[in-house]
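Presented sequentially are two complexes of chain A, the first with chain B as partner and the second with chain C.
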Partner chain A sequence: MKNSLKLVLAVVLCVFLAGVAGFADEYILGIGFTIFMYIALAQSWVVLSGLTGYISLGHVVFFGSGAYVFILIWGLVPVWLGVFCSGIVVGLVSLIVGYPVLRVRGPYFVILSFGLAELVKNLVLINEARMYVSMRPVFGAPALYQLYTAMLLLAIIATGLTYWIRRSRFGAGLRSIREDEEAAETIGVPVAKLKLLAFAISGVIPAMVGAIFIMRSGIFQSGDAFTPIVSFTMVTMAIIGGSDDAPGPFLGVVFLVLLQELLWVNWPEVYMIILGILLLGFVLFIPNGIYGWLSEKYFGNKKNVT
Partner chain B sequence: MDSLLSPQLLAAAMITGVLYALISLGLNLVYGTMRLLNVAHGDLVMIGAYVAFIAFSLLNIGPLVSMFGAALICGFLGWLSYKCVFQRLLSNGQLLSRLEENSLLLFFALSVIIQNLAILFFSADRRGYEYLSAIVEIGDVRLTGARLTVLIVGAVISAAVVFFLRFSLFGLAMNALIQNRDASAIVGINVDRVQMSSLIFGFGITGLAGALISMMEPISPVMGFPYTMSAFVIIILGGLGNLWGGFLAGLLLGVLEVYGVALTGPEWRSVLVYGIFVLILIFRPQGLLGSGKTAR
Partner chain C sequence: MLLEINDIHKKFGGLVALQGINFSVGYGETLGLMGANGAGKTTLFSLIAGHQEPTLGSIIFEGQKINRMRPDQISALGIARTYQIVRPFRGLSVLENVTTGALYGAHKIRSIKNASKFSREILEDVELKDRAEDLAGSLTLAGFKRLELAKALATGPKIILLDEVMAGLTPREVNEAISIIETCKRKYNLTVVVIEHVMKALMRMCERIVVLHHGEMIAEGTPGQISEDSVVIKAYLGEQN
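Entry: the complex of A and B
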C-alpha cells in the first residue's frame, strides 16, 4: 500500500471512531474507551522500551502519578486543563528522576523500574493515610462520550508519535542504544540525552491517560491507580503485538481487550492465566510479535528482535 | 530507645534475617548459574506454605516433616519449568542475546499463572494454622515455639546448604558455572545437568523456606510478592551470583527491616525495603561486596 493511501484510511477510521461517540450505547463506548486507553499506554511504552530496549516493568508509575496529580488539582482548574497539567507535571518530574535511573542498565534497569513504581505507590499510600483519606471520589466528571473522544485523541497522538519517532533521526538514535549502547556512544550518538527524552515522552501520555481513567472509574484509590497489573498488561500487549513499531501494539491491544471483555468480569483468574500463557508463548516462540511475524511471513521484511 | 537494644528485637531480626538468607540463596543460585531473573521466586514460598498448610490441616502432618515435601514439590516444579521453558530459552541463540530480560518476562508470566491458579484452587482468603504456639522464655526473650523452631531449623538448613555448596562435588560444579560457564563446559562439567539441578535445588530450598514461614504467618496466594522483592534486594546487595555475599546481605536486610520498622512504624516497611532497593541499584548495582565492575 502506498503511504498516502494508508494515511487516508487512517484518517477515515479515526473520523468514523470519533463519529461513533455521537450515537453508540454505553457498552460500546466503554469497550472503545478501554481499547484506546491501552493503545495509548502500549504505544507510549514502545517509545521507551520497544525502541531503546530499556524494558520498563513499572510504567504504571506514570499512569498512577498522573491520576494523583489530577485528583489533587481536581476542582481547582478546568477539567481538560487539569488533564494537560498532570501530563506536564509528570513529564517534568520524570526528566529529573530519569537522570539517575537511566544510568542503570540491562536487567538492573528492569527490576529498578519495577521497584521504583512500588516505592512511589507506597509513598502515596502513606501520604494518603496521613491525611486520613482512603479514597477520593471524582464528582461531576464529563460524560462518557467526552471521555471516549479524549481517549481516542490520546490513542491517535500516541500512535502517531510512535510512528513518527520510529522513522525519525531521534528514533534511529534510540534503536542504536538498543543494539549497542557503547558503540552508539562511541560514534557520537548523545545516548544520555536521547534516553532521558524518550523516558519523559513515554511518561507524559500515560499520565494523561491515568487522569482520564479516574474520571471514568469515578474514584481514586492509590492501591488501584498504581496496580502492577496495568504495567504488565501494557508489556504483554506490546510484546504480543510486536514492540518495534506502531502497528504492533495496536494488534496486541485489540486482541487482549476483547479477551478481557469476555473473561474479566466472570473469570478474572482465568483471564490472568491466559495472559501469562500468551506472554510465555510469545517470548519463547514468536519473539517478534504478531506484527513482526506477519511482516516476515507475508512481506518478507525481517524485523529486529526487541 | 531502650526498646531498640532489647534482645527481643534482636531475636526478631535474626528470625527475619535467617529466612531471608535462605530464600535469597535459591534466587541467587538460579541467577548465578543461568543468569535467569526469577520474579516468580516469592510464589515458590507461597507454594511451600500451602503444602505445609494442607499437610497440617488435612493430613495432620507437622510442618517440620512436610517442609521436605514442599521442597520436593517445588523442586519438581523447577525440573518441569526447566524442561518446558528454560531449556529452550538457554539453547536458542536469538533469545539468548537478551537472556536476562527474556527470563524476566517468562518468570513474570509464570508468576501470574501460579498466583491465579492458587486463587482458583484455594480462594484469595488468608489462612493460618496453630502449631507450637505456646510461649517459650529464654532469658528476657519471649518467643512462640514456632518462631524459635523457625530460627533454629532455618539456621541449620542454611548452614547445611552453604556447606553443601562449598564442599560437595555438585556444589563445586555449580560454583564453577557461576564463575565461568564456558570454562566449566571445557573442563568437562555437564552444563545442562548442573543448570537443571540448580533450578531444582534453588526452587526446592525456597519451598522449604515457605513451609517454615507458614508456621508463623498467615498465608495467601499473593503472599509471595514481598518475598520476591526482598530476595532481589538481598542478592543485589550481596552482588548478583555471589552466594556468600547474598547470605550476609540476607541477615543484614533482616536487621535493617526489623529495626527500621521499630523506629518508624509498620506502614513504612515497604517504603524501607523498596527505598533500599532503589538506592542500591542506582548507587551500587555491583553490591556491597562487589568490586568496581558490574556483574554484567
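Entry: the complex of A and C
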C-alpha cells in the first residue's frame, strides 16, 4: 500500500516533468536537463561503485566514449538510434575492458579507473589528431525540449534500474562483494561475473547521456567530453545523497544542483570550496549520505555502518 | 564416500603446511579434525573449499574432482565452509547476510521473498532470529559464529566444514552451539567436518577423529581410540597439559 502510493507519486512527478517540456522556457529546460543528466549518471555510478564498493573515479570514460561513438556515427543513422547504439557499443566494449580492470581492488581500482578515463581521452585525442580534427560540431541536433525529454527518460530508467537491482538477487550478490569479496565467493556468489556485469550495466546509460549531452553543447571535443569534473561531480552527488539505494543519488543531485544554482550565481569562487568541504564532511561523518541518514533517523532503518 | 582427500600436499614457499593427507568422509558422518596451532587444519578447509589449490593430490566430492574449481562452483556443488576468523558482511543486516547464501548457494532459491523466508527459518535454528534486522556488524562473538553457521547452512550444503565455531565461547555458549549443530545436522541431512580445539566438544560430537600434527596425519579413529593413542597423547595432548 505504502509502496503503491510511492509509485503513484513517482509517476505523477514524471508526467509533470515531461509535461513541463511543452511550455517551459530555455532556462528551466536547461536546469532540468542538467538535473536529469546527473541523476542518470549518479544512479549508474551507484550500480557499480555504490553496490560493489569498486569506487570508480573515472566514470566519465563511459560518458566520453558514448559521445565519441555517437559523433562518429552522426548522420549515418537516425539520431535516437545513434544514441541507443552508443550505449550498446560502450556496454559491449566494457565487458572486455572490465575483465582486467576489475581484477584490482580498493585504492588500486580507484586509481586505475581514473587512469583509464585519461588513457581513453588521450587515445581519442591522438586519433582525432591523426585525422586532422580538433573538434566536431553537431549540426541539426533536436530541439532542447526533445533533449530534455530524452534525458528525463534516461534519468527515469537509471533510477528504476538502480531501484530494481538493489532489490534483486543480482543486487544482493553485488552488495556482498562490497562487504567481503572472498566470503561472498564462499557462499556461491560468482564474483567475477557479477562485477563485470555491473561494470557494463553501469556504463550503458552514461554513454547515452554523453551522446545526448554533445547534442546540447553542439560540439564534440575530447578534452571536454572526458573531463574528470564529470566523474567527480557524479561521485560527489552519489556520496552526498547516499550510494546504497536509488533515492540517494536522486536527493544528492537535487541538493547539489540547487546549491550550485544558488552559489554559482552569487559566489562562484566559493562553490568548489564548499563542494569539497561537503564531500569531506559526508565521507567522514555521514558515510551513508542524506538518504542513509534520513532513513535511519526517521524510519528506524539501521543502515549506519559502524 | 561423499568426500575423499587423496594424498594432499600443500606448500607455502618453503613451508610444508600439509603432506600426504588421506582420509574420506561418509554420508551423514560427523568427522572431527584436531591438531595444535599451525597443524594445517584451516589450510585443509581452504583447499576443499577452493580458496587454494593443493600442491599435490586430489580432492573428490561425490566422485568428481574438485581441486581447481572456483569457490563459488564448489559452493554450488553443496560444500559450505565457515571461517575461523569470522567474515560477516558487516554493513548488511543479519538477515541479508543469510539471504545472500540462500540466493547463490547450492539451493539457488531465485526469489528474494523465498530466500528471506528460508533464511528466517535458519536464523531461528541458530537462535539469531531476534537479531534478523540488525546490522551484522553489531553482533557479539557468539553471534558472529552463529552467523557464520547460518550463512553456510543457507547455501543448502551436503557437507559443512566448521572451523572452530566454538573457539572463544563460554562453556554455556559451547553447549548451546553443540546442540544447535546437532539439531541442524539432523534437520538438513548434513555431513559435518568440524575443527575444534575444545577437546570435550569434539569427543562429544564426532564419530571419528583425524589428528594432524605439523602438516602430517598422525592418527585416525574413534574418540575413544584417539584419547588413548600414544602418538597423539605425546604429540598433542602432551603439549596441551
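In the analysis below, the second predicted complex is superposed on the first by the 294 of 306 C-alpha atoms of A that agree within 3 Å, B and C clash if a C-alpha of one lies under 4 Å from a C-alpha of the other, contacts with A are read in each partner's own complex, and residues count from 1 in each chain.
Methods note: contacts are C-beta pairs under 8 Å (C-beta built on N, C-alpha and C of every residue); 3 or more make two chains touch, one makes a residue touch a chain.
No experiment lies behind these values; they were computed from the predicted model shown.
Trainee: Would you mind checking whether chain B and chain C clash or fit side by side on chain A after the superposition?
Mentor: Superposition check on chain A shows chain B and chain C fit without a clash.
Trainee: Is A:S217 contacted by the first partner chain B, the second partner chain C, both or neither?
Mentor: Touch partners of A:S217: none, neither chain B nor chain C.
Trainee: Could you say whether A:S168 touches chain B, chain C, both of them, or neither, answering first, second, both or neither?
Mentor: In the superposition, A:S168 touches chain C alone.
Trainee: Determine how wide the angle is at the CA centre of chain A between the CA centres of chain C and chain B, giving a multiple of 10 degrees.
Mentor: Apex at chain A; the opening toward chain B and chain C is 80 degrees.
Trainee: Quick check for you: in the superposed arrangement, does A:S176 touch first (chain B), second (chain C), both or neither?
Mentor: second
Trainee: Would you mind checking which one, chain B or chain C, touches more residues on chain A?
Mentor: For chain A, the partner with the higher number of touched residues is B.
Trainee: Looking at the overlay, does A:N127 come into contact with chain B only (first), chain C only (second), both, or neither?
Mentor: Neither: A:N127 stays clear of chain B and chain C.
Trainee: Determine, under the contact definition given at the top, whether A:T186 touches first (chain B), second (chain C), both, or neither.
Mentor: Second partner only, chain C.
Trainee: If you stack the two complexes on chain A, which partner ends up touching A:V101: first (chain B), second (chain C), both, or neither?
Mentor: In the superposed model, A:V101 contacts chain B only, not chain C.
Trainee: Once both complexes sit on top of each other, what is the least C-alpha distance from chain B to chain C, rounded to whole angstrom?
Mentor: 10
Trainee: In the superposed arrangement, what residues of chain A touch both chain B and chain C?
Mentor: Dual-contact residues (chain A): 305.
Trainee: Residues of chain B touching chain A in their complex?
Mentor: Those in contact with chain A are residues 37, 39, 85, 88-89, 94-95, 97-98, 100-102, 104-106, 108-113, 115-117, 119-120, 229, 232, 236, 267-268, 270-271, 274-275, 277-278, 281-282, 285, 294, 296.
Trainee: Can you list the residues on chain C that touch chain A in the complex?
Mentor: Touch list, chain C to chain A: 49, 51, 70-72, 75-76, 80-81, 83, 87-93, 96, 99-101, 103-106, 110-112, 115, 133-135, 137-138, 151-152, 154-155.
Trainee: Under the touch definition given earlier, write down the residues of chain A that touch chain B in their complex.
Mentor: Touching chain B: residues 53, 55, 57, 100-101, 103-108, 110-112, 115-116, 118-119, 122-123, 125-126, 129, 232, 235, 239, 269-270, 272-273, 275-277, 279-280, 283-284, 287, 305 of chain A.
Trainee: Please give the residue numbers of chain A that touch chain C in the complex, ascending.
Mentor: 167-169, 172-173, 175-176, 178-180, 182-191, 302-306
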